[in-house]
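Each of the next two complexes has subunit A plus one more chain, namely subunit B in the first and subunit C in the second.
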Partner chain A sequence: MANTEGPGRSRPRAFDVVREEPRDFGGRAVGVMRGILLSEYFVLYLTVALFLGLALVYPELASARNISNQVSNIWPLLAVAIGQTLVIIILGIDLSQGAIMGFVSVAGAVVMASAADPNLLGGSPLWGWLISENGGVLAGSPYAVAAAIVAMLAVGSLIGLVNGFFIARFRMPPFMVTLVTLMLFSSAGIWLTQSQNIVNLPPGFTQLGAGDIVSFYFGEKVEATIKRRDILPFVTYPMLIAVALAILAHVILRRTAVGRYVYAIGTNAKAAEISGVPVKRVIMLVFAFSGFCAAVAAILYSARLGGGRPTIGAGAILLDIIGATVIGGTSLAGGKGKVTWTVIGVVFFVLLGNALNYMKLSAFHVDVVKGAIILLAAALDVTRNRLLARERGG
Partner chain B sequence: MKKLLALAGVTLAIALVGASSAQATKVCYAFQDLSTGFWGAGHEAIVTTLQKNGVEVVELNGGKDANRQLEQVKDCIAQGADGIILTADDGDSETMLVALAQEADVPIATFNRPPSDLSKGIIVVADNESVARQAVEAMAVEAEKKFKATGKKLHPLVLVGDLADPNAVKRREGFMNALKNHPDIFETPAEINTKWNSQVALAGLEAAVTADPNIDFIFTSSDFLFPTIQGVLEARGKWKKSGEEGHVILGGLDGDDGACRLIREGYVDSTGVQDVYLEAKLALDNIQEAIAKGDPRPNGIKLDPGFALSQANYAEKGATTWGCQVLDMKK
Partner chain C sequence: MSDAILELDGVSKAFFGIHAVANVGLSLGRGRVLGLIGQNGAGKSTLMNIVGGVVGADTGTMRLDGQAYAPQSPADASRHGIAFIHQELNLFTNLTIAENIFVDRFPAYRFGPVALIDRATMFRRTRELLAEVNLDLAPDTAVERLSPGERQLVEVAKALQLDANIIILDEPTTSLTARETERLFELIGRLRAAGKSMIYISHILGDVLRIADDVAVLRDGELVAVAPKAEFDVGRMITLMVGRAIEQFYPPRRWKPQPRILLSTRDLSAKGIVKQISLALHSGEVLGLFGLMGSGRTELARILFGLDEFDAGEITVSDSPVADPSPRRSIRDGIAFITENRREEGLLMNMAIAENIALAALPRFGATPLQFIEEARMLAAATQMADALQIKSGAIDLQPAKSLSGGNQQKVVIAKWLMSEPSIFIMDEPTRGVDVAAKYEIYSIIGRLADDGGGILFISSELEELLAMCDRILVMSKGEIVGEFEREAFDKERILRSAFREEGIAA
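Entry: the complex of A and B
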């Protein structure tokens, strides 16, 4: 059934090989390195090694303030990458997640914005009936934020469901279907707002983007008041939301029949169908969940940036989403992946971006270095998979 | 699991002992892209001048991604930067990032692109309305001559930038105000929203010129679109020098090296010059002054008055135009 991996399967084989080596220090070191390389948490070890190595050169990287920042950067990316993980496990890909985020961000703002500038949005096809100088359709209502969030989640899930319907019902390639949805909804978001941001979102919503629940102050209290900049948030609303989503996805994958179906479809959809797995329904459900996760990310990003932004998912974010998922260990060949791996992949990507900011590289060199490091990580992962395959082959 | 806990422990230990080391003055330059001559020249001026002054520069390219730039500015604050020079993609992002920096007591200056809220931060910006108006007035001098010769009203077109960018809004306003001063010689202008994207501009311009083949007066809100205009006009046999039959009166804004070359060659009639070097100097001087004074929240607008460079005043103004200086350096 599920072609999942775990340390229990790889580690004994690795140690079997070690026993064949001479029991000197060099042999043990090679054994340990091999054990690390073959571990399913290899990317985690790589991330920690990268962090420790860089922290020696750039001590600020390990400062509490920086870690607080980086922790806050993890959550929105994690939320959307969780959806992508399930899609990739069923041997799919969802290119539309960024477009869904942009469209959903606009949809939410249209519901809850408390005011809008006619000079910027007067040309929008929504102007006058869904949004006006007085704001969105529920501007000022105590239910505006809740309604906007529900609308955002519903719109995201619905777009995902449409993706899933075409892929499952007409057996269309996920790449093509989600590419079309990407173009359709990214253009629609820009057209509806005429490429403008819808700002003036209620504080109850923007608080979701940065709301601190548990914050720390490191240092001696020498003044009567502590400056806001010195109070570092660690437990925030985005953290709770993303962690809840991760736990939900983990439970679905590891503890439910749907999760087993997901792995079965990714491993061999035809065999799964013959075995009685409701393949079409599961595919639709997975893509709807991917849209839902993109909507959750859109909520976090929109709240963080204080506006409904049609371009919120444009740019390189899709590469970060897919990159983090795949670097974490989820296989583009389908049938293999875990939410915990995606968490690690996201942490790796966030740490890498953060470290590059500290390296004081020229702007012309940053992406070259980033690409080289990702390539190196991917090459190590490929080597690891080959070794594992060889081990299994006996 | 034990291994994971051990790793987490080591990581936490490093985190708790990590502390900022004493360093020289550190300034972050957070920008959105370097895709036009203006931004490239501004980037070079800011980075090299800071480095010459012994300031440690952290370059942060947001790549037109508002969230990425937010994370970069937060990184910059976490690094203990003494000041930030910022160019975001739109006025709303500028406002948010200025507020973020000021909340953290880090002085911030915005370079060339102003925030929606003009009351916070050091705002270095060209007087876009005035510069655009001056450039279009210089074009109107040529338009008056043509009107007198033919008796026919001219068909103007403006390539507008991204209207979320206050600079684009002001440049459009300057264009319209200049046309209002000459109501008898112009038809109602056509407007193309380019979103500062050459592909969008190309598609819009192609459509507009096809719909109205008599368009003979084009103003672009940024000089980087001149190659796009050239492509469209050349295909229709209308890429002519000033004084030649069928010349389309052309103007732009920035004063970059491409516009300077086209003015020298006679294809472009005028360009509004925003002085990139002056603006870089204003941003640097003011941020360094705030750092020296220990002022965490300096506010104020620093205006680059700008001027129009045209074929008529090239001999007088060409040498002081930054784009012409860049062009001469390339030679």
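Entry: the complex of A and C
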């Protein structure tokens, strides 16, 4: 007999149910639903369903312009969430990523800005020796952009390494350590710039944020020239950079010994240590990588904004990062997570934010609805895990 | 049976396509103790997990007191009066004894919707329950400070508090001292007299014959025999469990200690833990380390492996002193360490069996940390090892370690270390919670390692197995080595006396 009740409901007579291939239509539908619910790509299906559902109500959501816009929002968030994914797999948390982004953004601008306004930045402690009317340290140099990028990645990784050092060496809780670096570097960035943005970044850099490689134009060819705003970029530098970072992280996690060690530490650090896993080194490496990812995101954001801004990582972005990672399926209990899941989580978050904009809700309402939907997704995920556990035992 | 309190009919459960329990029909009489025996992986734990609501059965029915019974969760089972004391105890070690016992129903003062824990009542009731299980401890003692044996009795006290009619005990005596075991048996007797029914799972067949009224034997998930205990003796039980007669409990001794020293210590001390330890482990030697719980034997093993620090003295491995001891260095030096705590220190429970087996030897499949792992070669090697040790499982690259039975889990730990090709094997209670057949296999592995010129430091509280396997036995007490016995001079009573550090204690 087929189980037409549905597996998600209570099973009052579980022992009468013989599990066999469902034959009738209702049974098959239940089977498909069950397959979707138990699939590791459940959130992907949820995202697609959400998109299709919302597109029916708000057709503009599915317009090429909107999609192009939203896709561009994915990349910086993805870059930084990849780092968070690895940290959460080893049972850590990195609260400092947003602060690192702001600090790194300022650091890059200080290296490469080609001019600065004394009225805005004259009060900065850096004024006169690192930055002046003539710009940053390497203003005008042909190597300014390259040097700035290297400096940004180095600063981000270094701050991450400091996090990792305290966590691994002194066995301090990641929450505490990264909270301290969060406070330290977010205020340091604001103090150094006196809360001003450093603009006038060289075009070679800002192109990273805007530069498109493959673009589309939808419309009739009536005029000889196409207006800039009608060209919709799809394949962009940020996309290539974020996707490359995702592939790198994915390959490290799935194919190398370091990846095995990351999962082992998150599952049982004690057993891992006894089995010869270099626990401390891997923890430091993972936090440094998290800082590196934050720096990549800082580069993408700064390039798009055309300036060094100490507050690019401030506010709710930290919740977006952690939220997207966890919604994707990476477990806060450690030992479980994938980069591909985080990609899906980020897409889900961006789509959600976009859809809420279309609903024309106030900022407060947006957060309420966002919270409710995240709660719903989390509840579904918990149900899913319980069903899986009951099926597989232990 | 008309006076049956619990009846099972046609109960089956499969994991990953492997039948863990197949079509079992069984009944538990009121006020009786049913001994449930079988090899590791025979399905004992799974069957009890079904009764205890931990997993659902695929098919079959259960009746409790004549009513259909299908627990949805462990809490549901306990509401039905079934208490399940797991092999790996489920206590909150950071909480007190009293809090653990009352954790799901705290006595409380109620002020409308507000309830405050009534600590006086909780402590008084706990004191009564502890007296019932003969445990002389204050109710506010943190569980982390208790020995495994004391924790077991706290679990029983908790079951008593729940007023359970059926108590399932899964391998209750594995970590108990002889005295604590006695205490537990006496308690089981009293509970039976009070009309409680119990299911007693154990590998110690003599205990089962002593304590049970009926015996049920599982093999490969099937019930092969169930009858009053009068119809059984140890030989028949083993034959039924294994499916063939077993003549020998220990493998033939082919190995012979060589003069070469693999591992030695000189005046090794760690304050308050071990004192002035000097020992030498030779090539081809099985060196026993015997001592009571708390004698410092496990602590010594951890120091030797580089897990814990020491204050004074020296460790020498293969003729060179160890300057910076760490597990990684030890593994490079060819040392392997089976810890006494499988769940917390031995295995990555949520990860696949293959990942566990390959963990210590990972550098062999990808020389530098960022090099690609040769997945196919790794899986082939892990599969070969799993087959060699006869680990009973489904797909080892998918099935998590936690889904295995205790004995098979232990084999995974051993497989992991064999993969790292060690010459020095430190084994802390390697046969704990493991059935006769698996024990024999572990002893055989020890023999093979010694025959190949390896050295084994064999720590155990089962003196019998040390007497059978070892070339030499060191006795520890209060952090010191207090006795050394050559094989020719093995004498059970003298070894025990020296472990107790007193005269006149009978074996």
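Points to keep in mind about this one:
Keep this in mind: the second predicted complex is superposed on the first by the 368 of 394 C-alpha atoms of A that agree within 3 Å, B and C clash if a C-alpha of one lies under 4 Å from a C-alpha of the other, contacts with A are read in each partner's own complex, and residues count from 1 in each chain.
By definition in this document, a residue touches a chain if its C-beta (ideal position, glycine included) is under 8 Å from a C-beta of that chain, and two chains touch if they have at least 3 such contacts.
All of these numbers come straight from a predicted model, not from anything done at the bench.
Of the two partner chains placed by the overlay, neither subunit B nor subunit C lies in contact with A:204.
Within the superposed three-chain model, A:255 lies in touch with subunit C and out of touch with subunit B [touch as defined at top]. Residue contacts after overlaying the shared chain place A:61 against subunit B, while subunit C stays out of touching range.
Once the two complexes are overlaid on the shared chain, A:122 sits clear of subunit B and of subunit C alike. Looking at the superposition, the partner that touches the larger set of subunit A residues, subunit B or subunit C, turns out to be B.
Applying the stated contact rule after C-alpha superposition, one finds that A:41 touches subunit B and leaves subunit C untouched. After overlaying the two complexes on the shared chain, residue contacts for A:263 are found with subunit C alone; subunit B is out of touch. By the touch criterion given at the top, residues 3-4, 7, 10-11, 14-21, 31, 34, 43, 56-61, 63-68, 70-72, 74-80, 90, 92-93, 96, 103-105, 116, 162-164, 169, 193, 195 of subunit B touch subunit A in their complex.
Subunit A makes touch with subunit B in their complex at residues 41, 44-45, 48, 51-52, 55, 59-69, 72-73, 76, 119-120, 194-197, 199, 218, 227-229, 301, 304-307, 309, 311-312, 314-317, 353-354, 357-358, 360-364, 366.
Looking at the complex, you find that subunit A touches subunit C at residues 10-16, 18-19, 251-252, 255-261, 263-264, 267-268, 270-278, 335-336, 390, 392-394. Across the complex, subunit A is touched by residues 11, 13, 15-16, 20, 46, 49, 55-62, 68, 70, 72, 305, 307, 327-328, 330-331, 337, 339, 344-351, 355, 358-360, 362-363, 365-366, 368-373, 375, 400, 402-403, 416, 420 of subunit C.
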